[in-house]
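Scrolling down, you'll hit the structures one after another.
Both complexes below contain chain A, partnered by chain B and then by chain C.
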Partner chain A sequence: MTPILTMRGVNRFFGTFHVTQDIDLDLAPGEALGVIGPNGAGKSTLFNLIAGTLPPSSGTVAFRGRDVTRLPASERCHLGVGRSFQIPHPFTGMTVYENLLAASVFGRSGHDVPEEACRDILEMTGLLKNANRPAGSLTLLERKRLELARALATGPQLLLLDEIAGGLTEAECQELVATISAVRDSGVSIIWIEHVVHALLAIVSRLIVIDFGKIVAQGEPRAVMADPLVREIYMGIPADEDAA
Partner chain B sequence: MVWVNAIIQGVLLGGLYALFAAGLSLMFGVMRFVNIAHGDFIVVAAYLALTVMVSLGISPWVAVPVVVAVMAATGYLGQRLLLNRVLGKDILPPILVTFGLSIILQNALLETFSADSVRLPAGALETASLTLGDGIAIGILPLAMFATAIGVIAGLQLIFYRTPLGRMLRATSDDAEIVPLMGGNNAHIFAIATGLASAVVGVAGIWLAMRTNFDPAAGPVRLLFAFEAVIIGGLGNIWATLAGGIILGVAQTVGAQIDAGFQILAGHLVFLLILIVKPTGLMPRMTG
Partner chain C sequence: MASLTTDLPRRPAPGRFLPAAVIAAAVVLLAAAPWWAGRADLRLLMEALSYLALAQMWNLLAGYTGLVSVGQQAFVGLGGYLFFALAIFSGLPLLVAMPAAALATGLVAIPAGWIAFRLQGAYFAIGTWVIAEVFRLSAAQFPALGGGSGISLPVAVARSLSESREGREMAMYFLALGLGLSATFGVWALLRARWGMALTAIRDSGTAAESIGISTRRVKFLIYVGTAAMTGLTGAFLFLQKLRITPDAAFSVNDWTAFVIFIVVIGGIGTIEGPVIGTILFFALRQVAADWGSWYLMLLGAIAIAVMLVDKRGIWGALKARTGWALFPVERRLR
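Take a look at the complex of A and B:
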């Protein structure tokens, strides 16, 4: 099967700072991939390269078998790349429902507004009762849900989630995991950057670890987490001193 | 009765000022873009209307849509080809470019149409009026102008709050940086906003041409009135812009009643007063 996303030899420099180094990555359709790594490792830059917010300095990005390296973010979104942000950016002057409608109009490049689909997404993300509230009045959990709902309203085949569980209480986090699990089961491919590792492990079937812009480990999530190198990089536990 | 009359005339004049202001307010609302050439765009539309109707002799029923369509298309293209290039975090480049455009347009108009002031004749409509008893008469033309302003503003409100296009414009106004990640093309949306604003400028230009004498240098004063109407009303609320226009119009006609030379100054003084008392405008931004 053609991978939904293929990155080959992707590099990105900011000036002389080599933020993303030779990333090779394949994602199968329907796969859920987790990304962890210390702050500043280049995780969000990786998302910017996939979403098209930043062009790579070298290398290629292909989406559904098509080279999208030079396509801007708006066109990649039309092809099916949806994204949620670490810090929620709702359109605060509009209602929750209008936020979704706007996303769906933009995301589908001006086709008919699938109002039915937007209502389904509101229901799925638990926002239906808040549909007519101004987005600016939402709580943090509701804003995170709106980030997810708005990304879904663009009709994505690949969903990029950037630390969507960050800052939530345990109970809120579990609710969100249930929602994301439903999204995954509907066939949408997911790449999820998250520091809340147990939330990530409930969803993803593969985990990659990024450090200093490189993929330093990848594989079955529990095996990756048990890797002494990962424990050292990610949790600061020296490899020779197993605190578990 | 003279005073009642002055107030009525002022209210109707306010409709014209609201038309001037609507396009300015729309562009600022969506793009945070201050168009210094806005008044000159209105004058260009006025000359365009004059050329189409008087020189080419085309019937107003055809000419009005033509002027509005030409202005809208020019606005769309101008935004895509020129103004989008200077939009950014820095607000100075757009101001400099539109200031330059203002000078270019004034001189091009001067070169083409000479400095003589002209007017678009409206025939018998110019003097037709409704008499409301004792010394109060309402001109049909100002009344139609006011009705047009209400129609345009209601139309814009409808577009903004009831259509997918309006949602795109409001979303862009809210957070233009996020829009591309949801599939929106900012360059296109900005150009639509300017196209829409320019269509309103077209309507405003036609009414300016019928209502007063104008010349190539008439733009900056219209820009000033438009700014005053927007700021008196409060930014980001289009009905408030109409209220702002009316307040400015009434201040001017009542001022003119006190002394003919006091007309423009009275408007500016009321504007100054409102800036002191309520700097955010009378009805600052409402959310839909």
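Take a look at the complex of A and C:
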């Protein structure tokens, strides 16, 4: 099966700062991949390179067998890349519902009735009761949910989630995990950057560890977490998150 | 999940009746102006309505797509000059020459935008100003259009609007009213249309807009060209009213961009109501303080700075944030 996503020799510099270093990555259709790594390791930058928010300095990115390295984010979205932002970027002057409606309409989601699809996604992400509120009035946690909901509303085949579980209570976290596993089970490929490791391990079948812009370990999640090198990188991470 | 109708809005659904009534009353009042306003007032209203059209266009461009142009005088002047050229040399009827001049202005905006869009942020602003200066210098190079000293519209052309002076003034007023209203209601219709969501999205976050499939570059370019055409139409009207055009008047950065930015910024950038409020305030101020000479300009500057310091969102932006009011609602609600 051709991978849904292929990255080959991808590098990204900010000035002379080599943030993403020689990334090679394949993602199978329907696969859920977890990404961990210390702060500033270059995880979000990797998402920007996959989604087209940033162009790579060198290397290629292919999506569904097609070279998308030169395509802007909007066209990658049309092809099926949906993303959330670590720091939420809601359309503050629109209602929550309009945020999703815009994503469904402009993202070429393929929804027959965008209104209905958006309602379902709002329900699924627990935002239905806030549907007609201005997105600018949401709390940070609600904004993170909106990031997930809006990415889903574009009708993605690959969903990129950037730290959406931080700050949730245990019950909320369980709900989120249930939502994401439903998305995964519907056939959507997922890459999830998350510091809340136990939530991540409930979803993903493979884990990669990024440190200083490089993939330093990857494989079966529990094996990766047990790797002494990974434990060392994660020394600074609180024990409860590491425990899972 | 609880029923939507019971627990949805944080505040009651905004009334639709009151805003509609306010708008209707304003439109009726303006449409009846020739019967209640004196000649001087009518001229003032005409000018205010033209400025409203310019302000709505600049707001659409800068307030929604983030393209801060300080060179919109390029299109006012171009619209004016093209209109004069068409009216004088082609013999086209006035009411055909004006939209033709607007269309041609839009066409010229395509290559102009192609150049300006290579630049970002402040460089874009400077670029638009440079383009306008190039237009101003070029306009002086056509002897047939009076070169640097400009040209007057032949009396016969103005006469074609109406034989009597009263008739002409009436026709001009309704042209101005048509401009001001179609700019305002046009922007409203655009923002209410599905495609218009792209504009609000770009205003709120260009990065996120791009990530949900909005080609921000394309949208910005279309708006740049569209607003240029409408700005050109307004320019054609402004110089029809003045009956004389010179390069300096046509491409004046003060008259056609600085005052317009003032209007939008104090009224409330990124809202439809802002340009309306700003226009009213600007002309009220001018009535009071225009004879103060340069003190007047300093007053305008001081007010603009005060608004920026107190609340960057401008008068309507601040009001809207506190009260949720919308005179021109664009919101889509999930029922």
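Observations
The working rule: the second predicted complex is superposed on the first by the 230 of 244 C-alpha atoms of A that agree within 3 Å, B and C clash if a C-alpha of one lies under 4 Å from a C-alpha of the other, contacts with A are read in each partner's own complex, and residues count from 1 in each chain.
In this text, a residue touches a chain if its C-beta (ideal position, glycine included) is under 8 Å from a C-beta of that chain, and two chains touch if they have at least 3 such contacts.
In this text the structure is predicted, and so the values were computed from the model without any measurement.
After alignment on the shared chain A, the placement of chain B and chain C results in a clash. In the superposed model, A:58 lies in contact with neither chain B nor chain C.
In the superposition on chain A, A:93 makes contact with both chain B and chain C.
Contacts of A:169 after superposition on the shared chain: neither chain B nor chain C is touched. Of the two partner chains placed by superposition, A:139 touches none, neither chain B nor chain C. Looking at the shared chain after the overlay, A:73 reaches both chain B and chain C. Note: residues 51, 53, 72-75, 77-78, 83, 85, 89, 91-95, 98, 101-103, 105-108, 150, 154 of chain A belong to the chain B contact set and to the chain C contact set alike, using the contact criterion stated above. The touching residues of chain C, when paired with chain A in their complex, are 1-2, 4, 7-10, 194, 197-198, 200-201, 203-205, 207-217, 270, 331-334. Contact residues on chain A toward chain C in their complex (touch as defined above): 51-53, 72-75, 77-78, 83, 85, 89-95, 97-98, 101-103, 105-108, 115, 118-119, 122-123, 128-129, 131-133, 137, 150, 153-154. On the side of chain B, the complex with chain A involves touching residues 164, 167-168, 170-171, 173-175, 177-186, 287-288.
Those residues of chain A lying in contact with chain B across their complex are 51, 53, 72-75, 77-78, 83, 85, 89, 91-95, 98-99, 101-103, 105-110, 113, 134, 136, 150-151, 154.
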